[in-house]
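Just dropping this structure here.
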Amino acid sequence: MTDVYTLGEALGVVSSGRVRHESEARLDVCGPEFTTAIGLARLGHSISYLGKVGEDELGTRIVTVLRGEGVDVSDVRMDPSASTGLVLRESRLGRPARAVHYRTDSAGSRLAPGNVPIDRIAASRLLHVSGVTVALGWDARDAVETAIGAARTAGVPVSVSVDYVSSLWGSVREAEEMLGELACSSQVLFVGQDELDLVKPALLPEREVIVTRGAKGASVRSEGVRYDAPAFSVPVVDPFGAREAFVAGYLSALLEGLTPGERLSRGAYVAGLAVTSPSDWQALPSRTDLP
Amino acid sequence: MTDVYTLGEALGVVSSGRVRHESEARLDVCGPEFTTAIGLARLGHSISYLGKVGEDELGTRIVTVLRGEGVDVSDVRMDPSASTGLVLRESRLGRPARAVHYRTDSAGSRLAPGNVPIDRIAASRLLHVSGVTVALGWDARDAVETAIGAARTAGVPVSVSVDYVSSLWGSVREAEEMLGELACSSQVLFVGQDELDLVKPALLPEREVIVTRGAKGASVRSEGVRYDAPAFSVPVVDPFGAREAFVAGYLSALLEGLTPGERLSRGAYVAGLAVTSPSDWQALPSRTDLP
Amino acid sequence: MTDVYTLGEALGVVSSGRVRHESEARLDVCGPEFTTAIGLARLGHSISYLGKVGEDELGTRIVTVLRGEGVDVSDVRMDPSASTGLVLRESRLGRPARAVHYRTDSAGSRLAPGNVPIDRIAASRLLHVSGVTVALGWDARDAVETAIGAARTAGVPVSVSVDYVSSLWGSVREAEEMLGELACSSQVLFVGQDELDLVKPALLPEREVIVTRGAKGASVRSEGVRYDAPAFSVPVVDPFGAREAFVAGYLSALLEGLTPGERLSRGAYVAGLAVTSPSDWQALPSRTDLP
Amino acid sequence: MTDVYTLGEALGVVSSGRVRHESEARLDVCGPEFTTAIGLARLGHSISYLGKVGEDELGTRIVTVLRGEGVDVSDVRMDPSASTGLVLRESRLGRPARAVHYRTDSAGSRLAPGNVPIDRIAASRLLHVSGVTVALGWDARDAVETAIGAARTAGVPVSVSVDYVSSLWGSVREAEEMLGELACSSQVLFVGQDELDLVKPALLPEREVIVTRGAKGASVRSEGVRYDAPAFSVPVVDPFGAREAFVAGYLSALLEGLTPGERLSRGAYVAGLAVTSPSDWQALPSRTDLP
Amino acid sequence: MTDVYTLGEALGVVSSGRVRHESEARLDVCGPEFTTAIGLARLGHSISYLGKVGEDELGTRIVTVLRGEGVDVSDVRMDPSASTGLVLRESRLGRPARAVHYRTDSAGSRLAPGNVPIDRIAASRLLHVSGVTVALGWDARDAVETAIGAARTAGVPVSVSVDYVSSLWGSVREAEEMLGELACSSQVLFVGQDELDLVKPALLPEREVIVTRGAKGASVRSEGVRYDAPAFSVPVVDPFGAREAFVAGYLSALLEGLTPGERLSRGAYVAGLAVTSPSDWQALPSRTDLP
Amino acid sequence: MTDVYTLGEALGVVSSGRVRHESEARLDVCGPEFTTAIGLARLGHSISYLGKVGEDELGTRIVTVLRGEGVDVSDVRMDPSASTGLVLRESRLGRPARAVHYRTDSAGSRLAPGNVPIDRIAASRLLHVSGVTVALGWDARDAVETAIGAARTAGVPVSVSVDYVSSLWGSVREAEEMLGELACSSQVLFVGQDELDLVKPALLPEREVIVTRGAKGASVRSEGVRYDAPAFSVPVVDPFGAREAFVAGYLSALLEGLTPGERLSRGAYVAGLAVTSPSDWQALPSRTDLP
């Protein structure tokens, strides 16, 4: 039995300083569910990842990294007719980071309902999806819906991370509609402070809603009580990956039956370590790194 | 009066060793006409470049580099609604280099007939285009056609570089048709040994056809006589940019009224220096570097 | 019409950690007016730069960078008989940075009155010079004087940045005399807190005197009122270039008719971004980066 | 007793690819006699070096390296009133390397007769000087003369390496005169194939004249017989330092009483290893590296 | 069923230029059987690796890499009481590479008979071991013996690579005895030209003996006929890993029933690609890279 | 006469970020007494170092660095039968640094009583040893004892730095016994706050006991009065080497007869600068760097 089943797009990522001048860049792979999957695997959970990659070296890298970390990749598909997507990230001190997505018609965005293994999701303890996937096009959206349907039917709880990336959406209204619907199908909902407006209808007491506030920490309301945890204080080398790492830490503690406060703490700790590396996932802690 | 007018797409380029393992990459900008333009400017010619870039840092970098090198960029347009395209190149010793293009709906591919300044082309000594542009979509294809029409009307000779990039074409047949037509509208035609079949109808005696053979040199048939020049022998750091550099050297000598043999030699020399750098354009020689 | 005309020496700069041990260094170009010119150009102003460089690759680099950034370099001269100067900078955490200047008889120090285009200065909105140039020798000093004379005759206001570099002066007394005289010919005067004693005679109420205090911010007295602005708080990667960037931001706001407080704020912001990069000029903000 | 006494200028050296574009450079120290001294010390000979450096980090680096390698630096002087000189070297594949010297009035060029310890030279087995030093100005020239005078008086043989660096000389005629005179005062003379014309009067049978031809090897005429040795075949990473390394190898074999052929072979071997590193001196072989 | 079962020590490896001067090094993991295992896995074979690593980050890295590449690591043991071994390699152009082993009492050397799963070896198509393992001490030697015994009992053929590393042996005589015995227990024997003397008793016609000669290619005698293959000609970035890669290529072809000539060719090709990277294993070809 | 005589093991050190992922590492040399020796030499004291290194490039590097810094290395021995030891250090932001020692049977650990020059120690003003050396085995322990005996006999005061490295000891009890005994033989004792329990018997009023507390500063009790000094506040690039640098600064001030407060201050200053570099020793201040 798999602890967590997740699906989404993984991509190549090129990171640099100011793109206008830099000749050195960092090449890695990333993806919201990719990072969460590795985070959970490192903490000792069994996890399966579903996604499509191109039959190219970026695709091979994604599969190799996941498999190396112990994530079950038997459902990953390699698409010979599309390339693995790419993100170009720019970090400038004193200015917000920027990302340009090169994923139009990427292999990852072609994930479709037919790729979703109903039985394997039904045999998992938790399904985790993010709002990025529903922004990738109709196929991917349907795939998420299919997965959620499978989970609901089998009584598997659904965890959703809102992950609103404005450049992937045609309009805020469209995002609001889709993300709101997605959020409403969750039992556990991760939402950024600045995303609250997008998923208003889902902010109900019966749902476990975790609100993340970056350096200001995170909170959760559980059975009518609000719990808070500060961010884990470390130097930030690269902020990307924090949210996904937080999700991994939180879900890990949830799976182990820890208290809401402990869930937040573990989320904060894992997120704190994640940002100490230029990679989204390489600084994720092992089980033995937990305090 | 401009010596050479050219148009096409310029992009960001990320180069690395084996993508599966590398974490270090090189970030630069490139483009066939971009490289040829800089090559000509460095050799002392006045040159205008037309293209569309995104309103992003890659776009700014392209414009800044061209302007810095003395290329006239007053016709370049920044498109606020599209990103500058990107290419991911992989170099492996002992294996052919590979490139994945991320330019679907890029700013550069949106160049359209309406962007082409008829009068400025008419006031040039030469128009240069490449076969890459006609592979980018209908708009770009029409823009090239408009430019060639303007040249023909004004009696400005047209230089064409075939530049067949298979991954940009739906089928070989489509490439054959479009590139053949393009080649037939040229007075000066640069074609690789392995591209000869694609532009058969254009291989007529009345056209100046330069055939490039990589390390095996190049030849041209001019007024019934065949001239040959060997490649310039230097260590190859990165093969990309050689063809475009060759074109720059050849056209430079043509503009100066040098003999066919001298044109080939200058082409070979400029191409030889171009590949001594990981950048397509940074090793291009200055006027004072010419032998 | 040019917004700002400036003149001075631009040089190569080699930066490293402790010179005793480092084998890696950074190669770039710099210069007080060079940096201010780029800062103004990026903020959308038209600016002309006058200077002499050697006919070498450093000289070409200086011209290429300026032209790429949109600075008018038509007055720049390449001197075939002298090399472009060089500065070796050493940065050690916990110890003050050090710089050794290799500019004795450099091309830049040979700027002479005969190189100064009276008419172009007369057609500018502002002339900007720094105290470094008057330290470079009699020729350069006379060139500055000629430029200031041209401005005064044409009613063009003069901006002076004191920029006292002790190693370039024979004695403090000599610096005091020359810099004091220079400062007295300005309408706008930028002076560091620790340079106030050098230009005492110029510290009069009728002059716009901006006092910079590094991390402690800056102030200006305008029409009897003192305005203050804090420094923009960002991590300092390399402190060089801050002063010149501040001047660019301040003059930009002045040219746009903003209030003294706004001038200081823009100066502080531009200076703050400038020090986030190891380069003096590459982190200078674009117009769209302004808050 | 010292095996070899040598004197000259050591400097900082910044090496990069094309200066126009490179942002990465290598920082090291160098100098013809500096390199020869280390080469001899590594082969087990006792060697003393005389020179002046600035009281700066480059000067400290020079002394530290020499002392670390076992060269006697007790005669080195630190000059508080001058900076250690600097050389900027550019390497471009397919183009000759270039060097710009920043040593006008450097500490090293201030070496004067008063710094030359007559007794210590008299107590050496060999004195070695290069033609670079006599190009540095009257003081340095006189210092060399003083040293040679001391050697002659004491019957210590003099080794001279011509080392003609055109940019350090006012005219070829001046170089010819000075270098010819210097060469005539030697018992062992190292001269490049392309320098033969400069020292014609010194090319007499009674002198041990070693002619170096780069990749084509070297030869020596000894007691009427000509000996030849090919260059040691290795990939050339950076050609600088080869000549000085050759001198070290040759003199080492000479001091050990080996045959002319063996002297050439050792010179070639040491020179061959020297160019396998970007540093002039770091790849010099140890005694145990000798074949 | 596993195609190939292998066992041995994997270690960390630090590679640098001349250790005396270099401050930059490369950190990776390596091991003869480790490399062969990855080589086989990349070519599509199922392979199991047995070894002991420390409970440290090097140990985790070894397991992660193997698992990522699809090697079955279920038999790998993490030893909490010992560290993963380390090798320091020095590469100098023009001089032979050197390696210092830090593996005294390493986790890998503690592999013991009790760790060897008889049944899993019996269920494999081939067992592969190297002579390095028998040099690591009595425990490791016994483990190899146990494995070979299991293979013999089950009729599984044994492949041995002699891999003589002099610094791991007390004396040549000891190596001769142990390696000779090991070689005699093989059906397929890989031996370097310079190792032939060590395993003389094993050089019998009934055994498939492959002799590797580095750049001079390899040969095998099969059923009385000698087959030869040249080395695959590519630039050598780092020679380490070539032998192990050759073994992987050869065994791959053997498992597929290819001819002796084809086995050699594939071995040569895989070895040729392996040395194009500073890593022993990262340049190993994928199935699709095969010609 | 030597100011300070010291003995111990110097090693190679490889430093990297997370070992699991990093491919880049830093190669340097280190050692507690090695660092203290250089720190003292840079501050102008004469110092002799005794230790054993292998006849390898790491050993040569250790000797070269020490000699270059002016440390007397005439007592250093090169052992042809053992390798210089190595340490692998891992630094992760947000996690404590880790070090794995590869020094079993290293050359340095073979230092034996027979290597200790009684007369040279007797002719020194101070003997300094650390607790690391007594952890290296019986030979090294006896060597320390011999040195201390020689000092005591000659009336030379003994300085001891506890330097407890848990992984080098079989058990805490063993460390307690040996380190306690060592501490009791000292006149000046450096002990970390967290090491106080290990050397309880030595914490007597008649001994000069300096307690270091990392970022919290240090204190000393001298003639009944307690003195305190804060840590010198600088960014910490790499914490290794701080303790040894502190010892160098403190002993330097002690040798100059400064007050306890001044000794602490100098210790703190030297330690503060030491951690601003990735190297243990390269950032150590020169005499002229002292405030």
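Letters A, B, C, D, E and F mark the chains as written, and numbering starts fresh at 1 in each.
One rule holds for everything that comes next: a residue touches a chain if its C-beta (ideal position, glycine included) is under 8 Å from a C-beta of that chain, and two chains touch if they have at least 3 such contacts.
For clarity, every value in this text was computed on a predicted model and none was experimentally measured.
Participant: So which chains are sitting against chain C and chain D at once?
Facilitator: Chains that touch both chain C and chain D, as defined above, are B, F.
Participant: With touch defined as above, tell me whether chain B and chain E contact each other through largely the same residue numbers, more than half shared, or through different ones.
Facilitator: Copies use mostly different positions to touch.
Participant: Whole-Å distance, chain B centre to chain D centre, using C-alpha means?
Facilitator: Roughly 48 Å, centre to centre.
Participant: So the centre of each chain is just the mean of its C-alpha atoms; given that, what is the distance between chain A and chain D in Å?
Facilitator: 62
Participant: Would you mind pulling out the distance in Å between where the CA atoms of chain A average out and where those of chain B do?
Facilitator: Chain centres of chain A and chain B, defined by C-alpha means, are spaced 41 Å apart.
Participant: Going through chain F residue by residue, note those that touch at least 2 other chains and give them in order.
Facilitator: 18, 20-21, 23, 60, 64
Participant: Report the complete set of touching chain pairs.
Facilitator: Here the touching chain pairs work out to A-B, A-C, A-E, A-F, B-C, B-D, B-E, C-D, C-F, D-E, D-F, E-F.
Participant: In the complex formed with chain B, which residues of chain E make contact?
Facilitator: For chain E paired with chain B, touching residues are 232, 234-235, 237, 272-273, 276-277, 279, 282-283, 285, 289.
Participant: Which stretch or stretches of chain D touch chain C in the complex?
Facilitator: Result: residues 12, 14, 16, 18-28, 56-58, 60-61, 64, 83, 86, 88, 90, 98, 100, 102, 104-105 of chain D touch chain C.
Participant: Mind listing the chain B positions that touch chain E in their complex?
Facilitator: 17-18, 20-21, 92-95
Participant: What residues of chain A sit close enough to touch chain E in their complex?
Facilitator: It is residues 60, 64-65, 67-70, 286 of chain A that touch chain E.
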